Amino acid sequence: MIQYASIFLFVLGLYGLFINKNVIKLIVSLNVMEIGLFIFIISIGYVGDNAIAPIISNTQDLGLIYVDPLPQALVLTAIVIGVGTTALALAIAKSIYNTYQTFDLDEMEESA
Amino acid sequence: MTFFDFLSIVVGVLLLVIAFLAINSKKLINSVLFLSALSMLAVVAFVLMKAPDVAITEAVIGSGLVTSLFVFTLLSVREEKLK
Amino acid sequence: MNVVFLIAIPLLAAFISILIKKYASYLLVAVGLFNIAVLIFSKNGIVFIGGFDTTISANLLGITLLLDTYTRIALWVVNVLILVIAVLNIKTYRDYGSILLLAMAGLNGLLLTNDLFNLFVFLEISGIAAYLLSTSNKKPVSTFRYLLYGAIGSSLFLFGVVILYSMYGTLNMVVMIREISASNNYTEVILPFILMFIGLGVEAKLLPFNAWVKGVLGNSNVLSGPMIAGVYMAAMSFVLGRLVTNLFVFEGTLLTVVTLILVLGIVVGDLMAFSSSKVREILLFSSIAQSSIIILLFVNGLTIWAVYLIVANALSKTVMFLVINKATAETENDEVDSLKGLFVHNNIVGLTFTLAALSVMGLPLLVGFVIKLNYLTALAGAGQITLIAVILLASLIEGIYLVRLLVKLWYKGEKDLRVEYHFSFKMVFIAIALSLLVFGNYSTPLNELDNSIDTVSEVVNNG
Amino acid sequence: MRKLFGLAITFALGLVIILALNNTVNFPAFGEVNLSERISGAYLSEDNVEEVGSANLVTSIVIGFRTFDTLGEVTVLFISSLGVAFILGRKKQKRMNLNFKPNFMLRVGSNILLAIILVTSFYIILHGHLSPGGGFPGGAMIASSVLLLYLADDRFRSNIKGFKLLEGFAGSLFVIIGLLGLVFATAFFANYLPTGTIGNFLSAGIIPIIYVLIGLKVGSEIAGIIDNFLTEEERA
Amino acid sequence: MASIEFLILFLVGAGIIAYLLTKLNTIVGSIFTIFTVMFVFVSLAQYGFGMDIITTVKILPGISFSQSYLGFYFAILIVFIYLMVSFFHPYFIDKYKYKDSYNLLFLLSLAGILGAFYTNNFLNLFFFFEIIIWTTMFLIPQGKSKEAAVSYFGFSLAGSVSLLLGVFVIFNSTGTFNINDSLALLSGNSAVLVFALFLIAAFAKLGAFPLHIWLPITHGNAPDPFSPVLSGALVKLGGFIAVLALIKITPATVMFRAMDIPIGHYLVAILGGLTIVFGTLMAIKEDDAKKLLAYSSMSHGGYILVAFSILNSMAFAGGFYHILAHALASAGAFMAIAAVSRVTGTTKIKELGGMIHKMPITYLAYLIAIISMAGIPPMGGFISKWLIFQAVIDKGMVFVGVAVFFGSVGSFLYVFRPLAALFLGQEFTEYKHVKEAPILMLIPTFVLMGLNIYTGVFPAAFLKVINNIIVELGYTGITYTTYVISGNNGVLNPALISLVFVVGILIAFIIFILLKKSRKVELMDTYTAGNFIHDEHLFHYSTDFYAPLERLYEKQSHWMTTFYRALAEKVKELGKLGKYLFMSKSLSVTLLWIISIIIFLLWGEVL
């Protein structure tokens, strides 16, 4: 279920990118898409209800069932990358606003 | 239906609804706040799927930091408008 | 020498460069030279990062880098061109030293890495570096569009990678190739492959996904033009080529769709260039068509000629964008008519530009011709007459608009146009034009290199 | 109309992707993953866990097996902070006016809070190899403490130069530690320090060191970004 | 000893030397060019006739050569034209913008031509063709119009592209690039395809209808000494490809029983006929002497196509002879006009007149050239047209026959016009101090005059070479003796006819001298409508010379030009459509593409 939700979250992000003309909302949509993707990645590492988080206290614990740690590592990386992109996008949005006094891409074309 | 299934349905539906609101809300600040809420829900989803590391990171970075950056951007714009 | 230096040293230099901002550009030149030294002294092979593994096995824990002749050529192109562009811009764009260093690290990593997620990470690094380079155009909206497209592209790419991981349980490309050929079921990889193809296609300027190009390159300058049209395009084509030749399995509908996309790119790219009246637009649309041809060659398995085409194209486009962007910096207008007679007082620059254009058109005595004839022959050998017809039709259109451009640039318009090209620019132009000319006439080394390009499949089979 | 069409086509896309994934035999259904078919199975094996020595298996991947990714990730953050400074911080700036006057209580209270946040964040960073957390959330928390200072005092400017210095040194050290792997061991980012006993605070070789560096770097980078967002051009 | 590779490399090297010399001094460089071309011509003439050129030296990698009578015939002819034209260089080169490179490009293009006719590999043929195209393409804009180069390049490139595609079709079905082997191996559909593609190439290079519009633009605007090369030499490349397509490929289209030739060939003959008619009509209308000759080149290209599409040796002989005769005639005519243009600076018929008094030798050269073009004895053009008539009548091709005859009559109409306008008629005052061309320019003029007559009087020497080609192509040679050529419908005795003609002209001249009644009047010494003329305004009788005839097709004459302009416009619009579809500023469009591609691809998998 949550996997399906994540895929729909991803396409909802695409939908947001599809309909929006506002710079800020485009960045929001991008973030929605990324969150969807992150949940999807985590969901493919989910082993089952009886699995536990991949943290051990000693080597004897290795016999237990753990969720897949690799997707989590990937998401960890991807989140930080997403923040980097978002920060940059917002900075550009700010400089766009300084130039055109608007966030709306359509209005920009009219004024430009 | 297990507890996990129930929670995941709730979280999944909420995720989609909030995402839809974030994308479609008229005011930019609402959009940003919904994104923050979405991020928090994603944290719930991560915890649900036994990913505490990701959950902490997403909570701090995703919903905290990103939201504050969005808000600052909007604030600076409001400042511009005031002048 | 360990090829990891190609990534680590530029990164180190980039971190250091923010401490000594003034000397960032000199640091960049030093690192560029160092990288070339690394390239000379390094050996082909696999580098295991972290020291967890010693051979390629199904349980490959760490990240690996793969250096083969293919990657080596790509690295040469990228590093040398970045070095050249850096030297040319050492005075004008001082602030971009750190960014160029990061771009260098990112592109080297992109080319070297053998791990799909790592590829994504480097895609982002080099992508963000490219967005920042495009800020030098002072057109924030086009930069924003570039960022948006890039972010969507890399998200799609990551989506594809993750699906592949979930299906085959590995991120390593070589292991993945083994698994996919073992499972031998092409229908199930359609989704990840098309997602990854589109994701990289955004960066490699393939047609329906590349609307950012017009804004970014249409306003480019001496720094961003050659970097994005020359270096980035070469690197992205190399990466996509590696995936297309080794990882992707294009069959059936997928093959048809991909071929259609590329054919569309070739024809429409040249048509768009034909209808443009701005020089930079002409050049950028022509490079869209070229990159589609390159990927089409990869799809058809003509790796070696695609590689040469990338190199020749990167060199020619670098010259062309440098010449035009330098001129537009003074005229502040890149309509063809306002640049009329650019070469009247710059015969040498004009000659090199002409040679580069002739090479792009694929006219004889230049390397473009050798490449074109060879890949067409290979395509004919494979029975792809329709593709040949399309490529030839496109090259007809391309020839016409480039000649139209050349004639206008060589003959004076109403007013006298004087653009000063610095001596270093001329040296670069002459060097590149000479190399195009020399390899156009003496193509034996190209043919010899043909034999030494070994594909990943050898690694796959031999470990 | 446009919105409806967009919704319809993206919905169709989502449906098609889900159906395609369901129809793919090799793609495991949600919750029915068999780790032994994946590389993660190897990450969970005793030998490999001991080789890295981190109790948190995610950390053992992030800073162990895939340190190179993390280096790239730090670089992304670095370049974006560089870029934000590049785009927003061309001319020198003053603080953005937030239109509120902080009182004494707020200032004192925020200082106390600052101390708590800093301690917590260092705890998170230093226990990254044992418990959830690590350099990234820790670093972000350091940055949020800086953010707190910014919000509590409308004249506050952090020492950007100092952040840059920290950022540069931490990043350089990160790469140098990796390069030392080539000297002391055979590979870039090889774990050349003793890994100790799993679960101990002093274990996992270079992982805690790297996490500290990452924490400092991430913290200073994000603080730099925040500073850039909270300042604006000086107007005459 | 003359190795073909040596000659090519010699030309390339000499080109570079010529560039440097021209940079120092244009005259020296141009004279060096003359000697270079002369050397090549002499060595080719010395060894080529006996097929003694060495083709086995392997200096150039990847390029292989072989010799054939066909290639040699074209090569020697074109080198000869180049030689003739190079004599003009010292007097013209200073006028051009990039004079240093003029000689270089000239010699490089000649190197390309030598290679093209001596190679035995299709890819090399293409290689040399492309060299010819781009070297000449840079020569053309040095003339009047910069756009001319684009249209020349466009059509030439279209031709080469079509040729290359044909080559790859050949390769795909026969597996070889060898010119001689592969063409014979072709059969079935691929033969038809190659036939069509090669013909497109031939039409484009020959400037035949409907790919002709570049011809007047380019010839009319090219540098004056380069127009003879274009018309006399480069256009003949199309003839060469036409030979490959029409004769060397085993005809694969359905036979047209009534005339015993394949349908494809018959269509080509009809297009050739159309070319003749069209070129003639346009030439009649044209106001610029060079453009007029360009249209005449077009109609003569039509003759060549007609000749080669009739598959018998009589027609082939006519075709090959026509290539020779027209090359000599058009080179002569263009060079005469170049000589006039050098001193007057214009080629417009309206702006010229009375040059016969100033430049009698040029006048004579032009006169002889146009007589040959019109196909009147005793010039070479007569022989070739007679041969082609013979073949056409033999086959009973009605339309083509009419076209061929029309072209002959028409060419008399149009070539007379520049003659009357440029050389006869009233003298312009601004050209009072004009002098006859200098001696160096007169050399080629005399040589061409002589050859034009010689080809008309003693064709046997040339027919011998042509017969070699015909035999080489697998047909039996035509029968001829020193004085008599025999066709199916009669025999031709050129020498006798010439003799009769000369006698006739002599008698006419004597009568003219004896009964001379005209009196020379000054320009102002006349009056009209009861008034004296007070200014030297000219009543130029060659403008609107054939006005009633022109009125018949006035509206139709721009159809083709309009068509190509519209085509270019449409291509541009397509490009704009592309920009709209793919380069739109809206992200939605791109996303729509991405989404639809993914959905389309997955559709099959899901359902």
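Note that the chains take the letters A, B, C, D and E in the order they are written out, and that residue 1 is the start of every chain.
We take it that a contact is a pair of C-beta atoms (placed from the backbone, for glycine too) under 8 Å apart; a residue touches a chain by one contact, two chains touch by 3 or more.
Keep in mind that this is a model prediction, so the values were computed, not measured.
Think of each touching pair as a link: the shortest run of links from chain A to chain E has 1 of them. Contact with chain C and chain E alike is made by A, D.
With centres taken as mean C-alpha coordinates, the chain found closest to the middle of all protein C-alpha atoms is C.
Rounded to whole angstrom, the centroid-to-centroid distance between chain C and chain D, based on C-alpha atoms, equals 31 Å. Between the Cα centres of chain D and chain E there is a gap of 74 Å.
Separation between the centroids of chain B and chain C, computed from CA atoms only, is 37 Å. Rounded to whole angstrom, the centroid-to-centroid distance between chain B and chain D, based on C-alpha atoms, equals 18 Å. For chain A, the set of residues touching two or more other chains reads 1-2, 4, 8, 10, 12, 14-15, 17-19, 26, 43-46, 49, 53-55, 70, 72, 74, 76-77, 79-81, 83-85, 87-88, 90, 92-95, 105. Among the residues of chain E, those in touch with two or more other chains are 585, 587-588, 591-592, 595, 598, 602, 605.
Counting partners per residue, chain B has 51-54, 57, 61, 65, 69, 73, 76 as the residues that reach two or more other chains. Chains touching one another form the pairs A-B, A-C, A-D, A-E, B-D, C-D, C-E, D-E. Of all residues in chain C, those touching chain D in their complex are 2, 4, 8, 11-12, 14-16, 18-19, 47-52, 59-63, 95, 98-99, 102, 105-106, 109, 117-118, 121-122, 124-125, 128-129, 131-132, 135, 140, 163, 165-172, 183, 185, 188, 190-191.
On the chain B side of its complex with chain D, the touching residues are 24, 51-57, 59-61, 64-65, 68-69, 72-73, 75-76, 79. Those residues of chain A that touch chain E in the complex are listed here as 14, 17-19, 26, 105, 109.
Looking at the complex, you find that chain D touches chain B at residues 3, 56, 58-59, 96-98, 124, 132-134, 136-137, 140-141, 143-144, 147, 222, 225-226, 229-230, 232. The residues of chain B lying in touch with chain A in their complex are 2, 4-5, 8-9, 11-13, 15-16, 19-20, 22-23, 28, 31-32, 35, 38-39, 42, 45-46, 48-54, 57-58, 61-62, 65-66, 69-70, 73-74, 76-77, 80.
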